[in-house]
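Structures follow.
Consider the two complexes below, in which chain A is the common component and chain B and chain C are the respective partners.
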Partner chain A sequence: MGPIMKVTAQPADTTLTLVLDGELDASSAVVLDTELNKPELLKYKKVLIDCQRLSYISSAGLGVFISHLQRLQDSNVKLVFFNMQEKVFNVFEILGLDSLMTIVPTEQEALAA
Partner chain B sequence: MQDRLRISCSRENLQQVRDFVRGFLVSAQRSDMVVNQVVLAVDEVVANFIIHANGEDASQFLDLLLVLADQHLDIEIEDHGSTLFLPAGKVANPDLRAYIQQGRKGGMGMALVSRIMDQVEFFERNSHTVCHLTKILK
Partner chain C sequence: MLRVEGPTRFVFAFLSMPKIRHVAWLLALATGCWLVLLLGTLSQGRSVLGLPPDWPRWLLLLAQGGFAASIFLYARLQPDALSGHGFLPLLRRLFWRGLVLTALLAGTQAFVKLTAEHTLPLPGDATAAAGYTVSLALFIILLAQTLYVWRSLVNFRGSDRLQREWTAFELILGAALLFQLFVWHVPDYLLVAVVVGLGLFGVYLSGHQRWVAYLSQGQKLQAIMLQLGVLGCLSAFLYVLRGAQSDPALLAPPTQQAFLVLTSSFAVFYAVAGLLVTLFNLPVADVYEQRRAEILSLQQLSQIIQRGQTAPEIYQALFTSAVQTIRADAAWLDAQLQPTEQLGPLPASLIHELIPSDLSALREQLTDLLAPQQRELIDNDLLRSQRLTGLSQPYGSAAVLQLRSSTHDYGLLVLLKKEQSGFDPEDLSILHTFTTQTVLSLENLQLAQEARASQRAQDELRIAALVQERLIPKHLPTDNWFEISTYAQAAKEVGGDFYDFLHLPGQRLAVLIGDVSGKGVTAAFHTAQMKGIFHALMQPNPLAKKDRERYPDPHRFMVLANEALTHCLERSSFITASFYLIDYEAGGFSFARAGHCHTLYYHSIKEEVSYFRSEGLGLGILRDASYGRHVKNQFWDYNPGDVMVIYTDGIPEARNANGDEYGEDRLAKMLGESFYQSAEEINRHIRLDVQEFSKGLPLHDDQTLLVIKFKSAQPQG
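Then we have the complex of A and B:
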């Protein structure tokens, strides 16, 4: 079985956008973890996560974001989610993570956040 | 209505489990949000059985049974591995601010299950671990 999560990195000046496509679970979370672990991530001011085609997230996926958040904050890199489907946002809400992470509706708002 | 699935203990089979639960609930005409929540609860329990109880030993297997009668959903996940795995059904609220500071990856799965399902129970049957989840689908 092939990977069920594809992560595409789109660098632009001081912002890096990671486009997620697929389902983020205990099997596929390693793909995202590898991307967020790259040292060059820390040279950006902002890492935007485009969630438009993220159709599912489990605690393993949430755990990847949580495990990198402090490291990014310590390096003054802001992590911003946008285009999140309602059912995926609901998973953040169930745990109360929506108040601890920056989640906005559109790319424009993510760039301005 | 009811349906069954047997999978081996490999995390690559989580997708198959989710497709199975989704297909069952969509055919019962449940909303996208409710379907996703129940899929998530089952995925979390199955991932725990595969990774923590069976160490991803693909020679071991799990049986899933879904039963929906009116609005009452019963889910049984039976672990045929030889090690008993009996976590608490209800778990304390995770301190997410501390998790962020510690860069912690795990420890949220059963909290999600507890908040989504009405009842979460782990018990022993014939020397195997069984997880029973229930939810009234409104």
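Then we have the complex of A and C:
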């Protein structure tokens, strides 16, 4: 079992911020998947992912975002990542996800995106 | 509390008052009656406070009866003394109360004696009369206390019928208060017959001594002492009152003889019977029967567990045992609080004498009633607490137990009885044993199932490792113009690294490396798929006009592979890959990167180590035609002495004990140190450094490392 990752949901009017804390690997991916699977997620215009405390992401973790990408797009929910550590950003970049997903440095930019 | 069959509207109205008001009313009534009695006794043969002397007999009897009735009703309204306490504290409390009352009696008698000997300036006969009234009141209080302790003991684990018999006994005692009031001229033999008959009823009730069976040896000794003490107190009162009545100096008022005789003989007889049962361990048959039933149930339960039965059977065993042993009138076991995969299908509900609407009513009220951490709830008076209402039948008491381990909720057991005070501490401890045993066995079952599942998982992993092993190319392409060295190491859990080569006509070489997300059998399966796609796409196209167009270029390869994978990759899986098509004649190679690690390259003319940093999206992420825009074809002219290092993320993401990653920089540095060596030596140099870096740690992820070195020699043949 890897270290447990914590997902905290902070709902606002039109945006939902999910704060990730820990390592997102195969075992913790389930937690995030449950959160992203909630039907009420589609009510929001934007889902922001705060990655400040996300220290590692494995392919299973990426898989969670990838599997929800289409569904969110189809429902016009924008997925925006912010505060991403360089190491984690590299993983997104190598896989080419930076061309598909919106990844911005700060929360302000994420709200404006 | 009076049962519902206790008649008359008045009683009903009285009972529906809040308890605190009962108590106040009764105490006021008792005090009033006693004052009337005192005044009446003092007025025997003289005038007191200007009141007429020699009050009528019925008034005194009525006052006495009213006093006795209110004191007894008061004792009756106290909560069942046994619930929540042991037998010994109950007896001890009775004994102490008796002792205090006896001390008061002794004080009163001493006072009367002092005045009689003219040591105190008070009229002797008046003090004697007052002392007698006080003593009588103390006696009635002691009798009430004793009777209602005996009630708790008689009804301990008693049936519904026994409770009804007890209520009848109480009603008869109440009637005895009226006996002397209205019946004036009864022949003596009839009176004796009635009193003896009632006495026999009391004797019958005295036979109910079940509680003795639950005493330990040491407790029995204490119980005997306490019962002797209570008997002593009672005898002291009887002695004093008998003496007072026959005292010629005292103009004793008429007493409620029938009531007092009946009650005190029952009180004495129950104590004596209890004493005998305790002393000689007289068998009280159904007690032992019940104990045997408990032991049998427990044995059954543990046998079922040892035989390793299924969860539904364990639940059924618990349910049957609990209902039978506790003799519940209705019960419900809800097993579906937190279903687990390991335990398989569970029974929806086990029900005894309840209808579906009862279940929903119970479920609704229990969620509010039980705090999350509360393991059990005993309510011995549902009528008063107004809990668990809305059921199809009225129930008097309820026990609710959670089946819970430290990690898991296995269900909820609800037992209902029609009578009040249906669940005593012994019942609770039996139920605890049952539920603990059940939770233990369910947990064992779960562990066993998990062990089986993990065995299956290990088998799967072995198969997956075998598949992967077979997919690794056994023969490396060889030629004079290049050198290839490979290294592949699977992590403990099979990952999804793969690579493959294909020597194409015209001195060309196709190289594929990749990594499937996920682990285990699924990953191995996708690896095999990817290998199939590679070989299928590398078939020469007979319609191609030019030789160079016979094979798809890297960009096209990725687009086709992505399309093929769209139909067989689950939504959360993806594959990273790099594909290289090396052409000796052209002195260059074209390649495309689909989300895979950047290629590390040593440039022999510039004498420089660098990464090809290019864009490219992994396979299986975008599943439509737009994927083509996210992957690029790139070209590179190589020179002899150039070195290409291709690898999977297990290399740069290898970790040391501090959790640091190996990293691209260190990898590049290693190539810078070894580029002049053979492909095999370069490979070993890097590999040893990675192993040194994560020394002593298990492999975090699969590691694959390919080194291709270009040479100046002519191709063979």
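Miscellaneous remarks
Everything below uses one rule, namely that the second predicted complex is superposed on the first by the 110 of 113 C-alpha atoms of A that agree within 3 Å, B and C clash if a C-alpha of one lies under 4 Å from a C-alpha of the other, contacts with A are read in each partner's own complex, and residues count from 1 in each chain.
Simple rule for what comes next: contacts are C-beta pairs under 8 Å (C-beta built on N, C-alpha and C of every residue); 3 or more make two chains touch, one makes a residue touch a chain.
Keep in mind that this is a model prediction, so the values were computed, not measured.
Between chain B and chain C, more residues of chain A are touched by B. In the superposed pair of complexes, A:K87 makes contact with chain B and with chain C alike. Contacts of A:S27 after superposition on the shared chain: chain B is touched, whereas chain C is not.
When the shared chain is aligned, chain B comes close enough to touch A:I4, but chain C does not.
In the superposed model, A:A60 makes contact with both chain B and chain C.
Of the two partner chains, neither chain B nor chain C is touched by A:V104. When both complexes are aligned on chain A by C-alpha atoms, chain A residues 26, 59-60, 62-64, 66-67, 69-70, 87, 94-97, 100 touch chain B in the first and chain C in the second. Of all the residues in chain B, the ones that touch chain A in their complex are 11-12, 14-15, 18, 32-33, 36-37, 39-40, 43-44, 47, 50-51, 94, 96-97, 99-109, 111-112, 115-116. Those residues of chain A lying in contact with chain C across their complex are 26, 33, 59-60, 62-64, 66-67, 69-70, 87, 94-97, 99-100. The touching residues of chain C, counted against chain A in their complex, run 515, 517-519, 571-574, 576, 594-598, 615-618, 621-623, 630-631, 649, 661. The touching residues of chain A, when paired with chain B in their complex, are 1, 4, 23, 25-27, 56, 58-60, 62-64, 66-71, 86-87, 90-91, 94-97, 100.
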